[in-house]
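Presented below are the structures under discussion, each in the form of structure tokens.
There are two complexes below, and they share chain A, which is joined by chain B in the first and by chain C in the second.
Entry: the complex of A and B
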């Protein structure tokens, strides 16, 4: 039977519950957001005892459905002050799914010290974890897999989470037990740290597996979806995602004039190709050794877009150099040395911070003169300071908005306190609408208009025109809220937006697990509900229309090469959610 | 004659002689189009998903000005991670 597990860190009690009716058909983001909305006071301090961390695998996660190993983590965010869901691809999620744990709710606050949670079929136990405190995530995963075996999955926080930094993420193990898969955004690592949880080990030995109510429907659905993923030119084996990884986007965005450079002061990067997916793939091949493209973050992925970057001698340096990290710590800082970028990603993974927020923060710090744009050595030192918790590191660790305020910088690319990802709104108008209006703060994944605006996937739109973009952003936000609830990777969207039977198959696979007769309309309706719950939480937390705006500098400063300001009107932004 | 800087990306670099960085400096007749560039290099147009001319998305029939930068891509996605 599907269950909720609840651990109270204030008194150490663990309870098992049967989910009530209203939660029965929810998973992933829908479930984390519903539980946070139901149980967390919107006005609570994100780092206090009233906040809760909710983990939920997607509805099909743990089954054989392709590319479905996502886990959602929800809480009130210390970075945005609003509701947050951040998801990651990891075998950890599949173990949770197979153990039929629909949600794990971590509440209260430990009086002192850090704790390890051990979760297996006999239940959940708390162990003192003073030996793990202060440890980087790489050592945490190594220590725990040695102690609990290679099969154990690990979730945890690095020193940044222990120090309750707003850029701290929650780390999960990858397929080969690297500390590399992050629910990075929104400072959820700080919330876990505030509760006194350093790590959680999961072992699904003897787990019953995901209950599938209608096997025939499920099989039919997963077959259609698999066919679509294998057929579509970007998701298929040997397609661009598989061959070049997500950083294949670097050159496209730069050529479109929409790659933010040197803290959002330009839209094209002269050295783009030096850090591109093409160059990453070429150098991995040339260096040989332990490097690889076509790496997967969890078993059962058809797309396999991850990579392992090797040092010059072929030994492993880091996994993974993906587009957002590559941009944030590369183009956004004027740094074009892939080995330096790899080292920064390795440090972020170990310290336990979001690579996007780190890169955006360093961009603001460089703007303030803390370092020169292009100075990779200094950038590496600054990330180390975050991990060491020096006074400067503590400031940077609170993210771009705080850093901008401390240093008197006005060019601070954030929405709701969260740093913008790798797409410049002045050159790609629709993505700015998503940044402004998603409940998550500046988040590209929340409604990826880059598909139609830049990649010509799911339609073709002029990126420089504001026309019709409110509807496009809204529809994608709804579809994404559904997708984030299924456990399917967002990249499946590239295939299902273009291939109708793929989308049908996705909905059928979910309906098969739940034993419902869901159609596309039900998927849309769930997505709309999720956005409503999240927006209502934010409203009660004090958010208004004024928070659904881009920073003022984007309306004042023209961005080369198109020399445009952000010209989507406030009325248009407010139209997205029908207000 | 006009000159154009042509940049070829991802899988399309297989059609170049020196596919290291995919940058070509080409001399073309006045009035040449994006399609003419593809034909000169030998890139099948059905493998081209999109083209940017001077940072704007362009169709195959777009005529090139002297000094144009032409960027040619196969289907690409990514970056949601």
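Entry: the complex of A and C
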């Protein structure tokens, strides 16, 4: 029987609940957002006792459905002040799914110190974790893997979360027990830190596995989806993502003039190829040793877009150099040295901060004169200061918006307080609509218009034109809200947008698990519901249309090489979700 | 002919305009708020070229009306993100009034460097001011007084404004050319700094004086008002304010359990008497020398509540130790040494920061462990760091909300990002309603319910009861919006609330200047209009009811000695301004 687990950190009580009817067909983002909307006062302090951290595996997570090992984490975000869902790919999610834990709700606030939660088939226990306090995530995972065995999954926060920094993420182990998979965005690590939770260990020994109500439907669906994934050029084994990783986008975006350079002051990076996915793959091959492309973040992934970056001598340096990190800590800082970027990613993973927010923040700090663009040594030092919690590190640890505020900088690329990812809205108009209007704050994954605007996936649109982009962003936001609820990786979208049977199969696989007769319309309907819940939470938290806007500088400053300002009108932005 | 002056810092142009009809009967806050609402995009970046700084003397400022030397400064606030009016008492306001400059509008943004604006009867000129850049306000006033003569009035910003700190105020000279009178609240100094204006010098030689349309009415009004001021115990010569200054409130509030102590963790200060107005007056008399009570901030004040604090040897230390500064840098930090408090005020005046925001911010920083409560030496060092712009100083310089955010503190006494003044809402319920619902952010002056709740002025109410306080706060907010538009000091309110002929006289004096037949109803109507304009600006800037709330901790933590939480309901708060 699928269950909710609830741990109250104020008094240490743990309760098990049968989810009531309204939660029965929800998972992943739909479930975290619904529980947060139902249980968290929208005006509460995100770091106070009234906030809650909700973890939920996707609806099919833990089954053999391909590329479905995502876990959603939800809470009120200290970065945006609104509702947040951030998901990660990790075997941890699958263990939770197999244990039939639909949601784990962490509430209240420990009076002092940090705690370790231990979760297995006998239940959930709290253990004092003073020995783990202050520890980087790499040591946390090593320590807990040693203590609980290789099979144990680990979730935790680094020093950044303990210091309640708004760029702190929640870390999960990858397939080989690296501290490398992050629910990075929105400062959820700070919320966990404020509750006094340092880490959670999960052991699914003797777990019953996910209950699949209609095995035939499920098998039929997963087969169709697998076929689509194996067919599409972007997702197939040996295809783009598998061969070059997500950083295959570096050259593409730079050529399109949409790769933000040096704190969003340009759209083309002259040294793009030095940090491109092609170069990453070539160097991994050249260096040999422990480096690899085609690495997967959880078992059962067909796409396998991750990688392990080797040092010059072939020994492992870090996993993973993906597009967003590569851009944020590379092009956005004018840095083109992959080894420096790798080191910055390693530090971020260990300190426990979101690589995107870190890169955007350092860009703003460089704009303020704290460091020179291109100075990799200084950038590495600054990230270390975040981990050490020096006054400067504390500033940076709060993200780009606070850093801009502290240094009086006006070119601050954020929406709802969250730093923008690796697509420049002035050159790719639709993605700006997603940044502006998703309840999540600037977030590319929430409605990835890059597909039709740049990659000719799911249609083909002129990136520089505002025309029709409100609808495209909206439709993708709805589809994504559904996808994020299933546990499937967002990258399955490449295949299902272009191959109808793939999407059919995805819906059938979900219907198979739930024992429903869902069709595409039900998927859309769920996606719309999720957005409604999230937007209503934000409305009650004080968000208005004025928050659904890009920063003023993008409307005043022309971006080279296209020399365009952001010209999607406010009316167009407001049309996305209507009233 | 009354005129507007407009200087565009982007291109250096200066224009003179005849105010159109809608501005004719506005002055002070009514005029700054109306112009800001009409000309500034509510969603603009407060430190960008789209914001404007508007200066306006009150309607009767520059006449012989008693205690009427206030100047209003308006802009979009970098501290609150909403509209802001902050007024100061200074001869500068009277010079502007006599020059018939209804409003000075500073817009655009200098490309680089800092500028000095020179304003006299021949017009307004821009001069490069690289020599003044980085200078503290004390030296700025000394330098400009020397350069332009004793008669010149000075307005300017210290290093804090140059660094665009959200606690930076705009400084004006006092009667004896001290850099001591501040439009302190809301970070208006940062807005001026962002425009590239370091200072403005005003010389009213050959000024025509304020045009008084109906001399008889004006004389009659000012006579009634003067009589009331000379009669009321609080405002009369030799009365409470004149003898003990505003710090006469220290003991009163502490005894009422409403004096916030150590970052709003208590309501009674055991060492209150060490920093009380009575002690200040006694020590000034004992030390002799240059110290004085009954000092006035501008010519023509009957109340004369200011003081000059002497060092132990009798030489001047600082002007002025007033209640808010005394509390913010004293009781709120657990510091009871008046000489230390005086030194902190001197530093604040020189660096150019609001003493209230500084004290509230240091309280939050102490809560975070940056310093111990009661450690005056460290508090002084921290203020110096603000002036130096060290990373820690930069954090503090952004005010209490950002400091709380950076250090992950949840007990942060702010509303709309602005630090709370010296009255604890859990012990004085009505003032919390004003903090929550005024468009200004936490601001006691916006609707001073302390009159009826604590001082038995304008009625007598139980401070601990929420009953009927929404109406009281609203009525006072309306009356204050009118008062702030006249140029009269808020402290005239003590007399006009209790003595009907005093209020009659105030309205008549304004009607006399304008040549209108205004009665009390017109005053109320103007006050209501001003609040409507301000609230509409804030609404468009993205404010909602969720912003009209006190911080969560005040609803969760009981405050000694009354052990009450803040129990005014959200519905009651929303009733203040209705829909």
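Definition applied: the second predicted complex is superposed on the first by the 579 of 579 C-alpha atoms of A that agree within 3 Å, B and C clash if a C-alpha of one lies under 4 Å from a C-alpha of the other, contacts with A are read in each partner's own complex, and residues count from 1 in each chain.
One rule holds in what follows: contacts are C-beta pairs under 8 Å (C-beta built on N, C-alpha and C of every residue); 3 or more make two chains touch, one makes a residue touch a chain.
Note that this is a predicted model, so its numbers are computed, not measured.
Chemist: Using the touch definition from the top, say if A:395 reaches chain B (first), chain C (second), both or neither.
Modeler: A:395: touches chain C, not chain B.
Chemist: For A:273, using the defined touch cut-off, is the partner it touches chain B, chain C, both, or neither? Pick first, second, both or neither.
Modeler: A:273 sits against chain B, while chain C stays out of touch.
Chemist: Just chain B (first), just chain C (second), both, or neither: which does A:405 touch?
Modeler: second
Chemist: Identify the partner contact of A:556: answer first if only chain B is touched, second if only chain C is, both if each is, neither if none is.
Modeler: Only chain C is touched by A:556; chain B is not.
Chemist: Using the superposition on chain A described above, determine whether A:165 touches chain B (first), chain C (second), both, or neither.
Modeler: second
Chemist: Looking at the overlay, what does A:245 touch: chain B (first), chain C (second), both, or neither?
Modeler: The answer is first: A:245 touches chain B but not chain C.
Chemist: Check chain A for residues that touch chain B in one structure and chain C in the other, and list them.
Modeler: none
Chemist: Which of the residues in chain C come into contact with chain A in the complex?
Modeler: Residues of chain C touching chain A: 42-45, 47-50, 78, 163-166, 190, 193-194, 390-392, 394-395, 397-398, 402, 405-408, 410, 539-547, 549, 551-553, 556.
Chemist: What residues on chain B touch chain A, complex-wise?
Modeler: For this pair, the touching residues of chain B are 7, 9-11, 13, 21-22, 49-50, 52, 54-57, 71, 73-81.
Chemist: Taking the touch rule as given, give the residues of chain A at its contact with chain B in the complex, in rising order.
Modeler: Chain A residues touching chain B: 233-235, 239-241, 243-249, 251-253, 255-257, 267-268, 273, 276-278, 305, 320, 322-324, 422-423, 444-445, 448, 450-451, 455-457, 462-464, 490-491, 493-494, 561-562.
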